[in-house]
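First chain A sits with chain B, and in the next complex the same chain sits with chain C.
Moving on, here comes the complex of A and B:
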């Protein structure tokens, strides 16, 4: 149940927007579509909504084949990155509009609008017009309109992208709570890995029109099936390098090496790709079981409570991320520690190697 | 390049001359060093754009003076202030080549073509636009165009100050990394006084040596990124910088001790404020809260697994306390108790730190 894409693809002219995809999103679940611009998030949502028919394949919703059923005949709520409200309607009338279309009696309509407004902290703004509201309030109005319908399928296309980050922080926290227990299947598109982790639920990683992996958010973050999935789900980007396996040792260079973890003993000697997430490449004090490398600072970025330091390690451009504020200068020489137990290894086909 | 002094600046947009004023800027009195990289950071409506416009000469302040290197420019028109400005959206002549776009500010001022050529090539090299110099600007992507705008801001050598007004808004999140780093590098190469206006903490803290945090028409703190993180002078700074922001909790001060929910709390504030003088609160960042069997009892509401760390939402009576726990920290399942790191716990009276 929930929404199911069976061998769905989308072709526009000579271009393939979505390659054949099988994806089944659980009913009542919170699902994140994670990928960069042009990875196919919006197309996938438009297919789910029935705004576009698939070129091949079928779309099933709650056990019913809805392929080709237009959006007007489906009960879908959608919120976009751009706040869309009726400028000449008050907030109350904006929220009430889908209920009016559905001819809900006045008493019930008022009740439902007021309940949703309360939930989204819009009660004091009900008589105002959209242009008298802040960006956050306008987007909350759009969200309220989507919620008030009690649609069984809610599609949110980067709904927080245009808001101040403090407000985003707040709404990210609230959104999963708002949908919890409503039974609605929610699909949320974002280009930010951290946002996916905050929203939790399940995540599908997308790359150039293909779903590369789908599963519980934290799980697929920790065990990406391929290097590509790891790259989609990593911001700052996951650090990669070639390592050479010789006997029981992985060599990054002649001087930098570490023991092959137990599970990988069966792996043949040769060249592999290793991936290490930026927060497992640390500056300052050495964590246990870490291997030291020397690096030159390219630039240090600070985000309030996190420092992201871009470095050059043995010819690789890597990124180190750590908590706290560490203002390194361009050109500084630093020591970095690779927590080798956290390394991921990929074969030449990009598949994750498991011990 | 110039030192910029803002002497007792106040500004009101209302034309009413008597009676209580609504100040868009309440009082700004500060000196910014020649060659410094400054960021004006705050939510929308905090007055940062007003201050920027006062510096650029688009607004003459209701009160106070603006000095560039000790000469009064308060009522000097923008054109005579020798400033360069880069806006939120790219301002590019589509029909001109990249080269001609970059050369435009110099040609306008009658600079000789050979000098122009040398300078344009230097700037193009810094921004990695060399390969595109003879392309028409119209064919470029949004970030390519914004790079040209940045280049035009940097191309003149004799400017007093270069101002950036949210220059990365239109840039795809994955490219922001690159441009943020680039801007920092450019400041180090060019050495001009730069002012960067943004509501994004990462942009501000990455770019600037000094961050000017504004809130409700007031500068609440001017500090280095480290100072803003470790010593917020105002609860707003603690809240706005860092994600999640600082916990601000009500407390009682009596008999020389600070109590939170009846528990004695050690803080870094050596002086105890007079409890009759305004609201006294405790401020502690989520980074400085940890599980401790000796601490006070809380209820755990929610744990967000963000991969590299966990955000724990705990509650004591009606108060939410957020804490950051490492990815390997086990969340106690029975009667969790927490404490605050006293060196990083401060008292605030009516929002301002007690030191």
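Moving on, here comes the complex of A and C:
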């Protein structure tokens, strides 16, 4: 069963943090909550943990109504973005603390703490205090404390956001492995679409207090149900444009048009919204079935082997992402290629159109 | 070019230490020497002044009384301020900011305002001339101060620490005593220090609310000066000894105080 939110909403004062939400996360799965800052990820997690009561609705866990059960009685572990450890306890005592409270016998306690410490490579640091550790080690300690008690629900609220790049990559690789086979339902909040893709599992996209879509991560990325979900799940931001369908061609402008891709033939004539992911708008050589557009460069950023170029195409401000180094200056005219068959098309109500 | 970086601090320390040196200097002289000759150091070193203070009960009881009410006051102030500061730091309630500021206004009134009503009220319930009377009177000023200092330290601890402890299964009180208080130990030290210092130097209320049994050292000193003529050497020795408790406490909390300043609350 895992964790289930039934018609849960959260209001604080006059502000709505979470609109009525129904969400059921599968047991033992790795779930990602993806959304920008203020989209309600943290609130949703705090509701799941029972740190805050929902304004309306119920929270069910493993077929049991746990709405209003005090956190001490729930078996939940949580790791925050800030590194939260008990500063007056050594690393060993930090990891051991949930076991001590649960009155686990000393022998078993030692064994469990040491096993987890080994797993998270904290063994040499066991006698140190949290403020003597690096950021990465501090967060490992927090993770170890969350892991050691074998909680059936583990909430990770942007646990890697405060770590530097290298450590983030390292821990991101380890995380799903650590929880694999523990049977714990893991919920992981992040604001980075790339991170969601790398962690795989299931993803729920959040936008301004609403869960816009939930399902397997890769599927949501490939077929977002609405333009909103696509916008949440795109980095750099997805480009949008109005296109007109006339007969069997889509028109971006009078001069730029292409044949309606397979599957959309049944669509009526009219105006639609097109979503172009930045890597489907490329510089350089033309990909297969691409449409050429002319653009003016607004900003060009080169990150190693990738070029991110902000351009103006027929009045639309778009972002293009291409392989290779393309050093353009502001105001340069460039030719870009839209891989129209890979683009997403949305109806006027924002719903994804499928062939 | 020669630099004179040392000049300003040297002058500063010189002027700062001069009166204290002079007090120390006087405490080892006889009253005759103090009044008779001007000498930079004692011509005829005597320990009589100190001997008198340590043997005469009217003198050493002054210290014991002062220390007694100061310690009682510090314990009461800090233990009352801890839960209050926690509430101000962790909860939002109607009028919380106003109440918090109102606490500080208690410190704005001079003690003289309260001296007379306190004297009558404490007498009425038989608390006059007791240590607890002075300790309670000083709470009026010390609790607000302690709440302010502790609130600053507590707000420096993320509330996620509290939540993590609850998620780990800690009850509120177990968390508060085993995790939270050790975490803000520096703040407790600083708050206790300020309560101690304030109560130690406050004279008006302490003098008004006591006569014999709980008479503070500062009161003993003023009375000696007026009645027994000029016993300046003795007075200087008593004055020197009053510096020690404060210096002793400062030694233990010096690192914490720096941290308190860094948090902008002291």
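We take it that the second predicted complex is superposed on the first by the 346 of 355 C-alpha atoms of A that agree within 3 Å, B and C clash if a C-alpha of one lies under 4 Å from a C-alpha of the other, contacts with A are read in each partner's own complex, and residues count from 1 in each chain.
In the analysis below, a contact is a pair of C-beta atoms (placed from the backbone, for glycine too) under 8 Å apart; a residue touches a chain by one contact, two chains touch by 3 or more.
In this text the structure is predicted, and so the values were computed from the model without any measurement.
Chemist: Check the residue A:125 against both partner chains and state whether it touches chain B (first), chain C (second), both, or neither.
Modeler: neither
Chemist: After superposition on the shared chain, which partner residues are touched by A:37: those of chain B (first), chain C (second), both, or neither?
Modeler: Touch partner of A:37: chain B, not chain C.
Chemist: Is A:133 touching anything from chain B or chain C once the two structures are fitted on A? First, second, both or neither.
Modeler: neither
Chemist: Going by the contact rule set out at the top, does A:71 touch chain B (first), chain C (second), both, or neither?
Modeler: The second partner, chain C, only.
Chemist: For A:87 in the superposed arrangement: first (chain B), second (chain C), both or neither?
Modeler: The second partner, chain C, only.
Chemist: Quick check on the superposed pair: does A:187 touch chain B, chain C, both, or neither? Answer first, second, both or neither.
Modeler: neither
Chemist: If you stack the two complexes on chain A, which partner ends up touching A:49: first (chain B), second (chain C), both, or neither?
Modeler: second
Chemist: Tell me which of chain B and chain C touches more residues of chain A.
Modeler: B
Chemist: Where does A:98 make contact in the superposed view: on chain B (first), on chain C (second), on both, or on neither?
Modeler: A:98: touches chain C, not chain B.
Chemist: So chain A touches chain B in one structure and chain C in the other; where do those two contact lists coincide?
Modeler: None.
Chemist: Over in the complex, which chain B residues touch chain A? Could you list them?
Modeler: 43-45, 172-174, 177, 180-181, 184-185, 188, 199-202, 205-206, 224-226, 228-230, 239-245, 285, 287, 304-309, 324
Chemist: What residues of chain A sit close enough to touch chain C in their complex?
Modeler: 49, 51, 70-72, 76-78, 80, 82, 84, 86-89, 97-98, 101-102, 142, 145, 149
Chemist: Name, in rising order, each residue of chain A that touches chain B in their complex.
Modeler: Result: residues 36-37, 134-135, 164-166, 169, 191-192, 194, 197-198, 200, 218, 221-222, 235-236, 277, 279, 298-305, 310, 321, 323-325, 327, 330 of chain A touch chain B.
Chemist: If we count contacts the way the header does, which residues on chain C are in touch with chain A in the complex?
Modeler: Spelled out, the residues of chain C in touch with chain A are 158, 160-161, 163-171, 174, 179, 182-183, 185.
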